[in-house]
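In what follows, structures are represented as structure tokens.
Shared chain: subunit A. Partners: subunit B in the first complex, subunit C in the second.
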Partner chain A sequence: MLKTERQGASIRAKNAFTGWSFILIAVLMIAAFYFYPMIQALILSFKTGRGINLSYTGWSNYERLLTDKTFFTALKNTFIYLIVQVPIMIILALFISVLLNDSNLKFRGFFRTAIFLPCVTSLVAYSVVFKYLFGTSGLINTMLMKLSIIGAPIEWITDPFWAKITIIIAITWRWTGYNMIFYLSALQNIDSSIYEAARIDGASSVKQFFKITIPMLKPIILFTSITSTIGTLQLFDEVLNITKGGPGNSTLSISQYIYNLSFKYTADFGYAATVSYSIVIIIIVLSLIQFRVAGDRK
Partner chain B sequence: MKKVMVLLLTCMVLLTACSSGSKDKDQTASGGEGDSKTKEITIWAWDPKFNIAALNIAKEAYNAKHPDVKVNIVEFAQADIIQKLNTGLNSGTTKGLPNAVLIEDYRAQGFLQAYPDSFADLTGKIKPEDFADYKIGTTSYDGKQYGVPFDTGVAGLYIRKDYIEQAGYKLDDLKDMDWKQYIELGKKIKEKTGKDIISLDPNDLGILRMMIQSAGSWYLKSDGKTPDLKDNAALKEAFTLYKELMESNIVKVNADWSQFIASINNGDVATVPTGNWITPSVKAEASQSGKWAILPMPKLPATPNSVHATNLGGSSWYVMNIPGSDTAAEFLAETFGSNADMYQTLLTKVGAIGTLKAAAEGEAYTKPDDFFGGQQTVSDFSKWTAEIPKVNYGTSTYAIEDILVVEMQNFLNGKSLDQVLSDAQSQAEAQIK
Partner chain C sequence: MKKSKRIFTYVFLSIASIISIFPFLWMVVSATNKSVDVTKGRLLPGSHLIQNFKNLLDTTDLGTALWNSAKISVITTVLAIIIASLAGYGFEIFRSKVKDAVFNVLLLSMMIPFAALMVPLYRMFADVSNAAPFFGIDSKAAVMLPTVTTAFLIFFFRQSSKMFPKDMIEAGRIDGLSEIGIFFRIFMPTMKTTYAAAGIITFMSSWNNYLWPLIVLQSPQQKTIPLLISNLGSGYAPDYGIIMLAIVIATLPTALVFFLMQKHFVAGMMGSVK
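And then the complex of A and B:
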């Protein structure tokens, strides 16, 4: 009796060891490249100074953050992108994916690829192309003028309002296809017999969409809205390459502000780390809210 | 759960041990080899047509006397150099950093103060008095000379002769212009030719910097630390003039460098008030040869000490305090630091106007330029270089400018000037600590 018990224990220990050694490398890597920098950044956020002349100053960076106008401008801009762009993109992706899931549609593969293609283009390359498309004498203005939709060229890049619109159009173009793929794969998991039954009961396509598709996709919608929110909060390449945050900080994102503090001005890594941690906190709070609102409580 | 925590903690300890270990190793390495001369050096710079071309000429001149030294020239965009320097110097490891690097004058003090001991002291290797006065303030710190002053950012007013003649002016009428008259000229040109007088990027207040430096004033007081925005008379005047310029409908707005250059080469603008480094870009459009001239910069009308000479940009060479610093310092001292003959070649081949005083006496400096109607452009620029008021750029030019860009938009939208500058002042004070 005792012997077998001991044997069982040693097998369990052996199994546990094998299990741990499998994940050890991954754990080490994650610790080295995720947790260690995260903790270092947290420590850094309590230091103030230029370049390497850093010294601990307690909460002073966080106090500065609360009175920093530029930070609040960046925060406001980022939230405008978030509130306007994420819903547009999610609804658009949902709409397109339902259309493309229709088995009667011809050239489905082509359309899927075409809509997915933007999100494998280089961030910098597409931003630069957008900048020229939306230039004062760029293609978009020329087209709109030729079609007599507008009388004078729109200052897409140099007007505070239109610059924001340009950024929103750019990120919508880049990321809609990405979300569409999630919806498409989720749609394929919905049993077609459910729709069949609905059709027999006389439900219209619109009704099917709202009563079947959306509820069935709820977990995926939650997932895409959280990833899109996080993505938008980290928005950087588009803003830097299209508008450089201008005119007059009207398109500045938080990430670009961090970049400016670290590399454009005299390096202030302590404060930049503080601003980074503000994003961490915002992401945690927003994700919790989204889980609460849309997720199933377990 | 406990096991995970233990594992994590072990990792953390291991990593900390590793990182401090490598740091020690680096320090002993640089300490040990610091004195011996490395025969291979690497230099970073931006702009292939200007700085890199100049470096190649310097390399040729140096290798003629020292064939055993290998000089590697690496081109990066300026923003990349700044990013690489900041990350490299901050991480505490000097691996991958160059032996010498070009740094813009506006940023130099920031680097010298943020990374003490990272740059080699060149006092005694070059003579500061050999260079234009206004360059010494930016390249020295704490009584020591760190930089080898290189190109002058001396500014001039590039102007289309044909447009101003159509507007009824002669070139000579405009030589002693102030910014008020400049705006009047702009209105006249718009009326007669339909062309704008200037192309401006609302994110770049370079014109403001030029205006205030012409009066010996800057965003900071002469200590290079205290923001000087609220009661800065020259800045006030510059803000007012900028607004007037914008509201006169004579400005073509651009969003970046290439649009700016396009507006010049397409003939969309009548003048380009900027640093002399624009010359190659203006000359790039050969069909406009003979149509351009370069006048002294306009001055501020109401600020009494404003002169017709100012600066925009400009950069200098710095030696990193890593193995090989002696060779790098020697290279710079023998070429950009003293070789007046080499500057003649720089001028004829690259068009780069240096700040070495002795170099201003060569034949190349008085050569007429056909593109500018036979004007002796270089000798004109050298003359203006000597008149540039010296200011202390301090450490925070771009941080303050980002604040001012926002406040400028507020000012254009109707906020009062005093409020605008006082808000900018308090923000700058919070930013610069």
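And then the complex of A and C:
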């Protein structure tokens, strides 16, 4: 009796050990390349100095942050992208996936592949293509003028307002298909008999969309809106390669500002770390809000 | 009513498809044209492809950049799927309260934006540069190490492990296989599609990675393809034909991977939400 118990314990211990050995490398890697740098960044945010000569300064970096106009410009730009682009993209992706979900639709595979295609490009490659497409004498202006939609070329890249629009168009082009795939897979899991019952009850397709589709997809919509929010807060490649943050910081993103502070101007790693903590806090707050909003309506 | 809805669906989806595909077509067409024709917005294929290719090879180190990108992406992908699948399997098969807690902490790392990590990571690699140049700034290892393990991939493999029949593990144990033997001899071959999907996703993100290589790679002979394209595009007198050709070449591997393995790719994306 006692012997088997002890044997059981040793087998359990052995199993626990084997289990840990499976996950050990991954845990160490994430600790080393995510959590350790996060702690470093926190320490760094209380230091100041140029390059590698750093000394503690208490809260001065955070005080600087509160009066930093460039930071607030970058923050404002990022929020404009967020508030305008994320809803447009999610509604568009939702709408397309509902249209594509119709099993009687012809060329479904073609449409799906075509709309997903932008996701295979690298952010840099498509950004450079968009920069030329939206140039003042670029193809978009030429076509719009030939079609007599506009009289004079639009300054897509060099006007502060249009430059933001260009970035928004670019991100929407790149990511709508990505979100669409998530909705399509979720739609396929909805039992078609629910729609049939609704149809028999005389519910219009608009009503079906709002009363069945949207509520059923709520977890996925939450998931995509959180990932899209995080993605937009990290925006970098597009801005750097389409507008370089210009004209006059009007498209500058927070990530690009951190990059500039650390690697473009005289390196100010301490203050850059302070700015980066602002994104961490914003992401946590926004994710909590999104969870709360989605949770309340359950 | 029904018919008008149908027509609307086709028109809407066609427009969406054209908008999605158009930049690709323009890119391919432009790669065959002279720079002036690209700026004029020429939409027909030209005869300048070979000349553009020659100029591209003369003015840039395309071969080196492609080779660097290929090495980094392939090694990252292989290491990433081995490490993440071991962990995903370990978390699911050898479940315990402590491991579940560890797993939840790992998931938190998905919330950390890269911008918050780049400065301390850069300093970490700069610190080891002198002692161990192989892992320091401007090395391929420095590009790969921070990207090789992601909580997302571990999560993805853990979800898939739930579908793996537990009887097969018992059978393996009875046959006298070690736990690691069961993993390599039974789990891996059974979960081929899961590995394919994870491989595609990792390869694509590694091939297209820009910000971290931009920071950590400094010498021209270490540059990867996105860095090369970004450099070409930021010049003062850019040759548009050459740039477009470079972009086409850079997009080919991921587009090809996507078309050959579309089913796995889509299944992989879907698997991640279930």
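The rule we apply is simple: the second predicted complex is superposed on the first by the 286 of 298 C-alpha atoms of A that agree within 3 Å, B and C clash if a C-alpha of one lies under 4 Å from a C-alpha of the other, contacts with A are read in each partner's own complex, and residues count from 1 in each chain.
Keep in mind that, in the parts below, a residue touches a chain if its C-beta (ideal position, glycine included) is under 8 Å from a C-beta of that chain, and two chains touch if they have at least 3 such contacts.
Keep in mind it's a predicted model, so treat the numbers as computed, not measured.
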Partner chain(s) touched by A:263 [first = subunit B, second = subunit C, both, neither]: both
First (subunit B), second (subunit C), both or neither touched by A:64: first
Touched partner set for A:155, first subunit B, second subunit C, both or neither: first
Subunit B versus subunit C as contact partner of A:48, first or second or both or neither: first
Of subunit B and subunit C, the chain that contacts the larger number of subunit A residues: C
Which superposed partner A:27 touches (first subunit B, second subunit C, both, neither): both
Touching partner for A:131 - first (subunit B), second (subunit C), both, neither: both
Touching partner for A:272 - first (subunit B), second (subunit C), both, neither: second
Which of subunit B and subunit C A:35 touches, first, second, both or neither: both
Contacts on subunit A seen with subunit B and repeated with subunit C across the two complexes: 20, 27, 35-36, 131, 135, 244, 262-263, 269
Complex interface listing, subunit A residues touching subunit B: 20, 24, 27-28, 31-32, 35-36, 39, 48, 50-53, 64, 67-70, 73, 131, 135-136, 155, 157-158, 160, 243-250, 260, 262-267, 269
Touch list for subunit A against partner subunit C, complex: 15-16, 18-23, 25-27, 29-30, 33-38, 40-41, 44, 96, 99-100, 102, 105, 110-111, 113-118, 120-133, 135, 137-139, 142-143, 173, 177-178, 181-182, 185-186, 205, 220, 223, 230, 233-234, 236-237, 240-241, 244, 254-255, 258-259, 262-263, 269, 272-273, 276-277, 279-280, 283-284, 287
Contact footprint of subunit A on subunit C as seen in their complex: 5, 9, 12-14, 16-17, 19-21, 23-24, 26-27, 38-39, 41, 43, 83-84, 86-87, 89-91, 93-96, 99, 102, 106, 109, 111-124, 145-146, 148-149, 151, 154, 179-180, 183, 204, 207-208, 210-211, 215, 225-226, 229-230, 232-234, 240, 243-244, 247, 250-251, 254-255, 258, 262, 266, 269-270, 273
Parts of subunit B lying in touch with subunit A, wherever the complex brings them together: 3-4, 7-8, 11-12, 15, 79, 82-83, 86, 89-90, 92, 107, 110-111, 113-116, 202-203, 253-256, 259, 395-396, 398-399, 402-403, 405-406, 408-410, 427, 430-431, 433
